[in-house]
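Input: one structure, supplied below.
Going by the order they are written in, the chains are A, B, C, D and E; count residues from 1 in each one.
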Amino acid sequence: QQQQQGVSKDEIRIGTIQDLSGPLAGFGKQARNGMQLRVDELNEQGNIHGRKLKLFVEDSGYDPKKAVLAAQKLVNQEKIFIMAGHIGTAQNMAAMPVQFEKNIVNFMPITAAREMYEPLHRLKYSFAATYYDQIRLALPKMIKEKGAKKVCTIYQDDEFGLEVQRGAEAGLKTAGLELAEKTSFKRGATDFSSQVARMKAANCDLVVLGTIIRETIGTVGEARKTGFNPTFLGSSAAYTDLIHKLGGKAMDGIYATMTVQNPYTDEQSQPLRFWANKYKTKFNEDPTVFSVYGYVIIDSFIKAAQKAGPNLSTDSFIKAMDSMTFEPDMFGSAKSTYTATKRLGNDQSRLSQIKDGKWVVVSDYVTP
Amino acid sequence: MRFIFKTSYDQDIRLARHGGHVFWYGLLVAFLIVAPWAIDEYWLAQLTFVLIYGIVGLGLMLLAGFTGQFSIGHAAFLGAGAYTQGVLTNMGVPFPIALLAAAALSAAVGVVVALPALRVKGIYLGIATLSFGFIVEEVFARWESVTGGNAGLHVKSPQLFGWSLGSGSGFYFLCLVVAVLSTLGILNLLRSPTGRAFVAIRDSEISAQSMGIHLARYKTMSFAISAALAGLGGALYAHKLSFISPDQFNILQSIDLLLMVVIGGLGSVHGAFLGAIFLIAMPQLISMGKDWLPAVIGQAPGLQGLVYGVVLIAFVLFEPLGLYGRWLKIRTWLQLFPFYRKGLFKRQKSFTKSDRLR
Amino acid sequence: MTDVVLQLLNVESAYGPIKAIRGVSLKVRQGEIVTVLGSNGAGKTTILKTISGIIDPRKGSIEFQGKDITAKDPAHIVQQGLSHVPEGREVFPLLSVKDNLLMGAYTRKDRDGVARDMESVYAYFPILRERAMQDAGLLSGGQQQMLAISRAIMAAPHLILLDEPSLGLSPKLTKEIFEIVVRINRERGTTILLVEQNANMALNASDHGYVLENGRIVMEDTCERLREKEDIKEFYLGVKDDGVRGERRWKKKKTWR
Amino acid sequence: MSSSDVLLSAKDLSVRFGGVLAVSKVSFDVRRGEVFTLIGPNGAGKTTVFNLISRIYTPTMGEITWHGEAAGPLALTQQAPHAIAALGIARTFQNIELFEHATVLHNLLIGRHTHRQTGFWSEVFFTPATRRAEIAAREKAEQVIDLLDLQHHRDSMVAGLPYGVRKVVELARALCTEPKLLLLDEPSSGLNVEETADMAFWIQDIQHELGVSVLMVEHDMSLVSKVSDRVLAMNMGEVLATGTPREVQADSRVVEAYLGTVDDVSSLRRVAA
Amino acid sequence: MQILQLLLSGIAQGCIYGLIALGFVLIYKATETVSFAQGDLMMLGAFGAFAGMSLFGLPFWLAALLAVVAMAAFGVLLELVVIRPILGQPQFSIVMLTIGIAYVARGLITMVPGIGTDTHTLPVPYKDQIWKLGELVVNLEQLAIIIATAILCGLLFAMFRYSKLGIAMQASSQNQLAAYYMGIPVKRLNGLVWGLAAAVAAIAGMLLAPITFVHANMGFIGLKAFPAAVVGGFGSLPGAIVGGLVIGIVESFAGFYLPDGFKDTAPYIVVLLMLMIKPNGLFGEKLRKKV
């Protein structure tokens, strides 16, 4: 048997590709920090069957071509054992063939696209409930609660936004409704007046937001100004502390689905607060959900690698993963399980709402 | 210094001007042929990218460097080629036919772009091509039934006579052959009336016209050839990445392409390939350099953009003729050694005149 | 009046590896009109460009009114009171004729003086007044030449460098131009350095002349004496043996080469 | 004068730019094999006439007829600008419009453009036919280089040439198109007496040995009298006089508007004094 | 009513484009280069004001003033360090430089720890205030942009038309050599132009900040201002405003009445149509070389 790439007597090499210079540089950096935090924790406190972790970070600038180059570098040059937490849908799609050619697992990429586990591939593992599922499951519940009659959507004109929009359509079907109005915008747009005008003209009373941060604020802000006040429901992409920090009062009342909780440093829960402050001390900035993602991904990897035993190889790792169960953690993620045919940990999310400038969990995990 | 005494017209027309050329280019080709055995897989992949971008650069060089028409939307042609190739290969069309179709369709798109471009120059042309680039990107994203929309498109690996060219070295040779053939074609064109007509248009439209050059036809032709090469490159790119999505062909890609030819050296065929080497090597160098820097800087997001910008600025400031210009100086220095005089390449003051009147 | 306004000492200028002038020394005295003659490519334009700082000389020094102006910024040199009518007109094509003239007076602060000079320039070339609001780029070649000369006059300089002022002007205007040059010289005391292909005119109008060949000064004298030299007569004035030369197809070599 | 003698005829040409009537009702004929010269004060509209012939401007009124084709007369105003050269009309420009970033030889080869025989694909593959065509083009260019004594500058970049040489290069480039009619806009401006004399010889050679008709704009009266067969004087866009050089120069209106009355240049000194 | 409201938001958005386009035109008129860095200078200006207000706790007006002054100084410095050395080289080199400057500006800001990668708000005093005229809603943030754009346009127009300095700037862009011959201090003017452009960018950045927030990529909106400048005619200041309005209004109506996707491509389609009908834009001079 050939020597397993990326695993030596005392080291496991983990690669990740983040956006450190492009439009998502903020998230990329936070995810990297989260990963680094867990890697350092492990290296300080122990090891995995005698092996320390080494994290290799490459910058894709959110550009698929650079992602391929980065993947080639990590796979062929740095000889990584696993690719973990790679950010971006198109970037993952472009990089995966490079990895798969060398039998390297694409472990829990930071994107909630279905392609991260579908079609089934032995090297794919995904952890995030997809935007599609989030909205599909949450929307009927919201409609029932609010007694909504006309549901509209505004979504970013890319794969992410489309997933939200498709989720909304699927969710509406179960409630026996149809989309009353469908509007979109291009990534980076700053003006949402005509989209809001269209939804207002359609008399919508519930708007599904396929938006991220600035677009969420822009849309909701524009709506509030023009006196259009439906219920707003966003996906986990809109679940960040920036929404209320930037948008201020106008953002109060909007809902979003989420899988992990925002780690406020003055959080009620003690371990989470401790963690958040540790992060802040190390990186001199507040942690966000992306820091959590990064942390959790490495944490999951460690657990699986421990289980895989001293003979760590791609095959033994897959074998270990395919019988893994991760219990709910302090960040509020649901219990997730993996098998040889189920490569998405769980598809559930909770609803949160902004109340007095802070995200508050308002429902339990929504189950179909 | 080498003096060449010309004794026949043939000597003037030949591609290789003297024995030295034959020797050095021979060496280069020999290296490129043995490369798959000589260098490891990672570097071979990089070399393949260099060839692909070199082909695209060749086209843009023809347009910008030789015809004087700057395109800030060249990624659209790249995309047209890539999508044509992707869609056709996935439909099972044989590889060579798909490749030709990609080039042809891109050329057709080039002709369409040329229509509004014929009447405008300078910045107006730049913005026209930029606009076109945006529209084409939007088409890729919206025409979901064919392009797969924003979800992107997976491209099957190429098959030639039952061989799979998907592997590293097979595909490398494919790119090498296409690159060499396109280069020869462009060089031939440039030493023929068509190439001279392009240069004439670049230098003075009014006298080109008075020499009987049909401006519209030659500009269109230049756009078409340039687009065709971009399409060829795009087709190979699609296979190399095996996944294409609309945002790979956005404005940033277009600017990268433009930077490539400028840094390579406008107005030289060498420049296209030197620029491609630069474009591919640069991120690698930056990420290598990262590890040497203190973490606050080395690990900071945005470093790549910063270095990229600084290098670009440095190039414009210190080597406006690009990598090829630098090479020429080094070569002259070597040839003149030890008689090189300091002032030889001192830049004289120079002055700009309005480009609006041309 | 013997104080030297402009002095070039052993100036050498080059375009890249090509040397255009080699070791040129010349002097222009206050109130004089000095002309430089020379065939194509001799380096006349290069001398003028070197003086006004458009080209930096490799060697040598240039003094203007006792101050060293070698390789200074052209704008700085002009502000010292030197004005250059360049070869090839160089008007501002998209500015109106009037704005072009105003730019000529950019370095001046005296509004009244500028207005007066504007009037006198319009008097020299009435067509400029007629076209005052037209874009200068649309003027005919000769009209642009008039504008270029007028612009230099507007600067009210101590020294004007004139590079082929008669280029493209009608015979009548050519004469008028030289009259104007001489008048400016006499009336305002402006010193003039003149480069001209029309040697006949130039030698008539000037006090002192230099002959430039292949970047070197090969002859220097007062204009009266220059006019009498055989070579000057044959090659620059074209007066000698018209009959013989008229049939001859081969260039006769100049004796000083 | 039979009409078959005429190569190009302009009839009632007028063109207006905004408020300026640059050319007004100008008519003239250029006959085969002659040197026909336009003179006139600055801004008379001479260059504009050239621009009308080479289709840079379109006349507001009037027409230009070309008799150079075997098929019969052709309305030049119907032609596309780039088609003019192919008909056999080449020109030079008053302000010199060369291809600056190319060598002299390259400039001349571009002059051969209308004679190109090769197709796109044969050029891409550089077939033997293309090679032969290239060599033929070079031979022709060399002939012109020989004629105009440009051997010295063959491989120099145009950007670095002195003004006078550029004028000659422009003439050479026009000759490379093998024109039937050559339009020269102030060929001697910027040349000294000696060089002007050479220019005169060249124009005569072009007229007699190459059999090319010449339409010229020129301010140097010695050159005009030496080479032109007929002269047309213009002023303010209108025709003042037509005739032999001697006749036109004697015309009082021409003298007044163009030549100037003060004839003795040495009078300058007196004016000054 | 619907139409009026759409028109109003189109105008407001158009003024944003116009405001940025003013910066392009300013630089173009005075140096004949197209600055790809204008959007990023704008971003720097906004960050400057943000730093003044939240890091140093200055009041808005003071921070705004300081940001404009600082950016003007920065513009002058920029010219001195990177642009002046190649002044006189083909304009295209300078265009490339501005692309480089844009990269550097974005990279530098992104590298600022804790600030660069985040999005911020600029707490302007008029934030989130609206006026209601019957059913019409006027946003104070947008009104500020409309007013500032009009004033800036007027001032710049007057400068180029009537002041010796302004004419000299145009002169140096049209023929640098001749400008030197006239004794125009081309280099100093060039510095002034870039300083001015940076100041205009800073103003634009601060006006824009309440609407688009302050973040490293806010400069990309400049890409929409290019079409505005072209539609108006690149060398014309009023053209920039009119072009901006055309683009803004077209966008607004296309977003409401046309199928999805047209809102974002409409400006570019308008540009292409414009270039086919009127290649020099609405207000551009018809330029032709006289030979």
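One rule holds for everything that comes next: a residue touches a chain if its C-beta (ideal position, glycine included) is under 8 Å from a C-beta of that chain, and two chains touch if they have at least 3 such contacts.
Listed by chain with UniProt protein names: B, E = Branched-chain amino acid ABC transporter permease; C, D = ABC transporter ATP-binding protein.
Computed from a prediction, not measured in an experiment: that's the story for all the values here.
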Between chain B and chain C, the fewest steps along chains that touch one another: 1
Centroid comparison with chain B (C-alpha atoms), farthest chain: C
Contact-richer chain pair [C-E vs B-E]: B-E
Intercentroid distance (Cα basis), chain D paired with chain C, Å: 28
Computed distance of Cα centres, chain E from chain A, in Å: 36
Intercentroid distance (Cα basis), chain C paired with chain A, Å: 75
Junction residues of chain E, two or more chains touched: 107, 110, 113, 116-117, 174-175, 177, 180, 216, 261, 264, 287, 289, 291
Multi-chain contact sites of chain A, meaning residues that touch two or more partners: 21, 25-26, 29, 157
Multi-partner residues of chain D (each touching 2 or more other chains): 47, 56, 93-95, 97
Which pairs of chains touch, using the document's own definition: A-B, A-E, B-C, B-D, B-E, C-D, C-E, D-E
Contact set on chain A toward chain E in their complex: 21, 23, 25-26, 29, 157, 182-186, 188-191, 193-195, 197-198, 201, 213-214, 217-218, 221, 225-227, 242, 245-246, 248, 250, 284-285
Chain D-facing residues of chain C, complex: 15, 18, 37, 39-42, 45, 87-88, 127, 134, 138-143, 145-146, 164, 167-176, 178-179, 182-183, 185-186, 197, 199-201, 204-205, 235-238, 245, 249, 251
Chain D residues touching chain C - in the complex, by the definition given at the top: 17, 20, 39-44, 47, 94-95, 160-165, 186, 189-198, 201, 219, 221-222, 257-260, 262, 265-266, 268-269, 271-272
Interface residues, chain D side, partner chain B - complex: 54, 56, 80-86, 90-91, 93, 97-102, 106, 109-114, 116, 118, 120, 123-126, 130-131, 134-135, 137-139, 173, 177
Touch list for chain B against partner chain D, complex: 9-10, 12-13, 185, 188-189, 191-197, 199-200, 202-204, 206-215, 221, 267
